[in-house]
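These are the structures, in structure tokens.
Across the two complexes that follow, chain A remains constant while its partner is chain B and subsequently chain C.
So, the complex of A and B:
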């Protein structure tokens, strides 16, 4: 048995360290440590509830709109307020733009550069990878950065600035776009579609979203997506990094008529309703004091001694006592897309990346529809008064998965605020029963070559989740 | 020390044409507020000076500064970002991982001893011996001290590195501490904002790389060229402020008309930044344009000033320079009482002229 400490991980958002126990050339046990703690939940106590709209987005500079949307929804829930129809539409566009951009960033800047490593020299796909994805230099990276910056003009138009957009409020958005704005948004989306169809997919988005099976997927050889699938087949990434094969989604993009994607849980081939009352955060192996609790009753008391058996600042959320994987794949599976359902059982590195590619294509199509539906004459903001007392949950889907804010208001101030972020689910430490978190379980069995100090398999598996460590612990 | 390439070499190697290079130089000059006469200077500097290595480290933060930076619209921004400054160590973007990455950092420090610029994103938490932010098994504060020791100068990116930002909000659970309170023996340039505007970031770094010196700083250590004026001074909604036309509620008729957001908590009158001129996302917009007030994210302590939605009534902690102080205080009194706007406006105008005059004379000295 040898012990390896892999980290710090770069090209993930925030800080991460993984401790591995390896024997016979494979990982036998893994421990994920989130070594960065700031204490947002502590700061929010006693604050004006509206300040959550400004403070929580600053948990993360990559998913800040997701945090802002969750905070707005939690406050709306506590106040019994609702976004106007057009407000919800504008909020969905803002959020969709961020999610789409995050997926594209992850693929190009964070995930793919690992295939350009020297260790893969000689593989048939390696020279293409080097040309397109060498860290900070690859041709696809340049193209993606440019396209992404243009895409974010939409966040500029509707939200004033990105990151840390302030426009999303409990009852709508602060900006009423005019007809010219709508035209600009539509044309920006058209240009982003061109980028996706020429670079990433090498084909029409509708052709990709029409894929129904794993064998369909394997036939997709065009574009950067095809390059990934080729490398993936060569390296056996489908069989690497299996998650718990239990997927959770709160349902993305809330509208008055319901959510764009379904909320629920997928396990053993069945999709069932989500019972949020069964969400419990454990702290027994975290550097946190207190006991397991539902987020409404949760507390954040860091253990300054950093005592055993704790090994991470991250809490361990469980649904009905069990781990769940969240993210693009989970969302698409729970929504019942046929390709995603076909990948659900596979549940490894390839499935996660393919699920994300599928979501990129679908989100772009949704955004185009939403932009057309914008009505500059409509109302973008409704009524909202800060409640004196109340409690509310804001459940949204960030790029990286299910994000929940739970707020308790007493005497017009925040009495408790708890946040469970996507990577809190995926990279959680062990719970009271010793059950490892999804990443920790996914790493078991990963091959470790002789002399490897930062095994390539581990790099692929960790990044396939698209972790956001600053959200994880906050 | 081994021979380092010039900027021009690096750019040429990246396939940038001479024509694009010239365009870059002239746009840089204008972005920095320098006249056309400076273009040849920039060209000469870029052709002959060895490029300055940059080490970019991340402490307690949210990566919004990196995010902002990689979306800059500054001329050929992607080339500036990805090739010209050639980040020698960047946690977010580089290829190496794990210990190899730490080794790369060490190698850069050794190779360019005394010559590199250290860019810091985030800050060190000092509670519990820095254990709230661990990089490579050690507290970030140690990495910071180590990397700072042989740096030529330090850039504090964003509100975190400059002032502490939201993680330092009461009760500051981790004792998040700005860089200048930990590193006291190096020139530090603060580029505050949460995050700073991309064009401000590329502008500052280009200036330093091109002229091999710090730009003119105000009393708080911020580059005067970008932080010399209040958002209020150049706000397109300013006429409504002067006319006493205010948004009272988010969804009211006045909001639709684009009236001033002062009464719903806008901190534009006390915030020094370039948002209302440079704007965000490649000049697309800025928060006030989206109908939400400024929250003052480039000012020290913005996170602990009471609710973000309360109107500005005192300005005690803000102060940049004598002129600005006076203007700020005058405006605050006026704003608090809601009368005598004209006096403040004229005071402001004269102050503006002074500030502009000062920075121009500074530029001419370059």
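So, the complex of A and C:
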């Protein structure tokens, strides 16, 4: 048995250390450590509830709008308020733009550069990878960066700036767009579609969203998506990094008429309703004091001794005692898209990346519809008063998966604030029963070649989840 | 991630064209794990020259001054130690963002992690590094404060440093580059006409000035946010929400709440500092009394209700 410590683990958002025990050329056990504690939940205790709208987006520079949307929804829930119809639409556009940009950033900057490594020299697809994805130099990276920056002009129009906009409020958004703003947004989206169709997909988005099976997917050879699928088939990424094959989604983009994607849990081929009362955060192997609790009753008390058996600042959320995978694949599976359902049982590196590609295409199409539906004559902000007493949950879908804020208000101040981020689910440490988190389980069986200090298989698996460690440890 | 929004040219092209090579970047570089550690070691041994050390995020000193709340993964060593070891080797040290500069949002609400900036603890000189620290160039830590920072603030600071064009005189009292802190957020704010008449918004989404009721401190916050656009054309006040002075130390703990102006006897505290308060009040009450109906109505609406009618354009 040899032990490997992989860190600093870069091209993930924030700090991650992965400890591996390997024998006979495969990973036998893995431990995910989030080595940073900041304590946003502690800071918020005693604060004016409205401060959550300013402070929580600053948990993260990449999921900022997701945090903002969750905080606004939690406060609205506590106050019995809701966004106006147009306000919810503008908020969905802001959130959709961030999610779309994050997926594109992940694919081009974080995930793909590993295929351009010298270790893969000689593979038929390697020279294309080098040309498109060599870190900091790849042609696709440059194109994606520029397209992403232009896409964020929509955040400039509707939200003032990105990240850390304060535009999203419990009852709507702070800026009422006019008719010219609407057509500018439509134009920016047309330009982004061109980028996606020429470079990422090499075909119409609607053709990709029409794929229904794994064999359909395997036939997609165009664009950067096709290049990934070619490499994936060669390296066997479909059979690498299996998750728990239990997928959770809160449902993305809340509107008065319901959520754009379905909320629920997929397990054993069945989609069932989500019972949020069954969410419990364990801390037995985290550097946290206290016991397992539902987020409304949760506490954040760091163990300054960093004592055993703790090994991470991340808590371990479980649904009904079991781990769940969250993210783009989970969202698309729970929403019942046929390609995603076909990939649900596969549940490895390829499935995660394909799920994200599918969501890129679908999100772009939704954004186009929402931009058309913007009505500059409508009301973008409703009424909201801070409640003296109340509790509320703000459940949204960040790019990386299910994000929840739970707030308890007493005497007009925050009495408790608990956050469960997507990567808290995916990269959680072991729980009281010793059950490993989804990533920890997914790494077991990953091949380790002679002399590898940071096995490539491990890098592909870790990055396929698109972890955000800064959100995780908030 | 804000830096990735740099445009014309994109950030990778811009740095490459300027001859700035990324030794290692946590979101961009290929090197991970042992490969990244080898780079760090070669800097420590003096083998690889370190021209500019950029640090993002506050430096956490907890628990009990050990810095163990943030261990740089794979090294077993607190980030606090790493900063102290690497900073003296660098020709320039740049704190990117208000957290790295002053502690920032991570230091809010009682500062549970003991977060400080590289060379400031809030507005107090001395952070992870002593106030007397100077990098090899003789400069203190250059604080590109902002939450977030504008991508242009970061790239222009790097280009100026690389070109030897940023000296001590180009930094302000908090060692922020003056090219953006010689301006106030108030400058070129689209709500300036409302400000002139103190035609104030009473709730977020109204077009009026956000200073009197909604917490805006753009008249006292440094930054060229309304002069150079964010994300193609935005800014906080253009987005309809107040400036919270995110470029300033201690911005994270507002007196009341971020979106409400603290008042004493109905008068906002923290009026512009460079004019006598009595004069400000006198001018404000005069201009309030003189507010044109157009401005008054628009200030309390979420869209333009009354368009301006310039004299020369009036039909006869």
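Observations
Convention: the second predicted complex is superposed on the first by the 474 of 474 C-alpha atoms of A that agree within 3 Å, B and C clash if a C-alpha of one lies under 4 Å from a C-alpha of the other, contacts with A are read in each partner's own complex, and residues count from 1 in each chain.
Convention: contacts are C-beta pairs under 8 Å (C-beta built on N, C-alpha and C of every residue); 3 or more make two chains touch, one makes a residue touch a chain.
Nothing here was measured: the structure is a model prediction, and the numbers come from that model.
Under the clash rule set out above, the superposition-derived model of chain A with chain B and chain C contains a clash between the two partners. In the superposition on chain A, A:16 makes contact with chain C only, while chain B stays out of contact range. Contacts of A:227 after superposition: neither chain B nor chain C is touched. Touch criterion met: A:169 reaches chain B and chain C at once. In the superposition on chain A, A:408 contacts neither chain B nor chain C. Judged by the touch definition given at the top, the superposed model places A:78 against neither chain B nor chain C. Residue contacts after overlaying the shared chain place A:178 against chain C, while chain B stays out of touching range. Overlap of the chain B and chain C interfaces on chain A comprises residues 5-11, 13, 15, 17, 35-39, 42-43, 47-48, 50-51, 53-55, 58, 61-62, 109, 113, 116-117, 134-137, 141-142, 145-146, 148-150, 152-153, 155-167, 169, 172-176, 302, 304, 306, 313, 379-381, 453-454, 459. Residues 5-11, 13, 15-17, 33, 35-39, 42-48, 50-51, 53-55, 58, 61-62, 105, 109-110, 113-114, 116-117, 134-137, 141-142, 145-146, 148-150, 152-153, 155-167, 169, 172-176, 178, 302, 304, 306, 313, 376, 379-381, 453-454, 459 of chain A are the ones touching chain C in the complex.
Of all the residues in chain C, the ones that touch chain A in their complex are 1-2, 4-7, 10-13, 16, 22, 24-37, 60, 62-64, 68-75, 104-106, 108-113, 115, 147-148, 203-205, 229-242, 244, 246, 252, 254, 256-260, 302-303. On the chain B side of its complex with chain A, the touching residues are 58, 60-68, 70-73, 77-78, 81-83, 87, 90-102, 125, 127-128, 131-137, 165-167, 169-174, 176, 194-195, 250-251, 255-256, 275, 279-282, 284-292, 295, 297, 303, 306-309. Put simply, chain A touches chain B in their complex at residues 5-11, 13-15, 17, 35-40, 42-43, 47-48, 50-51, 53-55, 58-62, 64, 109, 113, 116-117, 134-137, 141-142, 145-146, 148-150, 152-153, 155-167, 169, 171-176, 302, 304, 306, 313, 379-384, 453-454, 459, 470.
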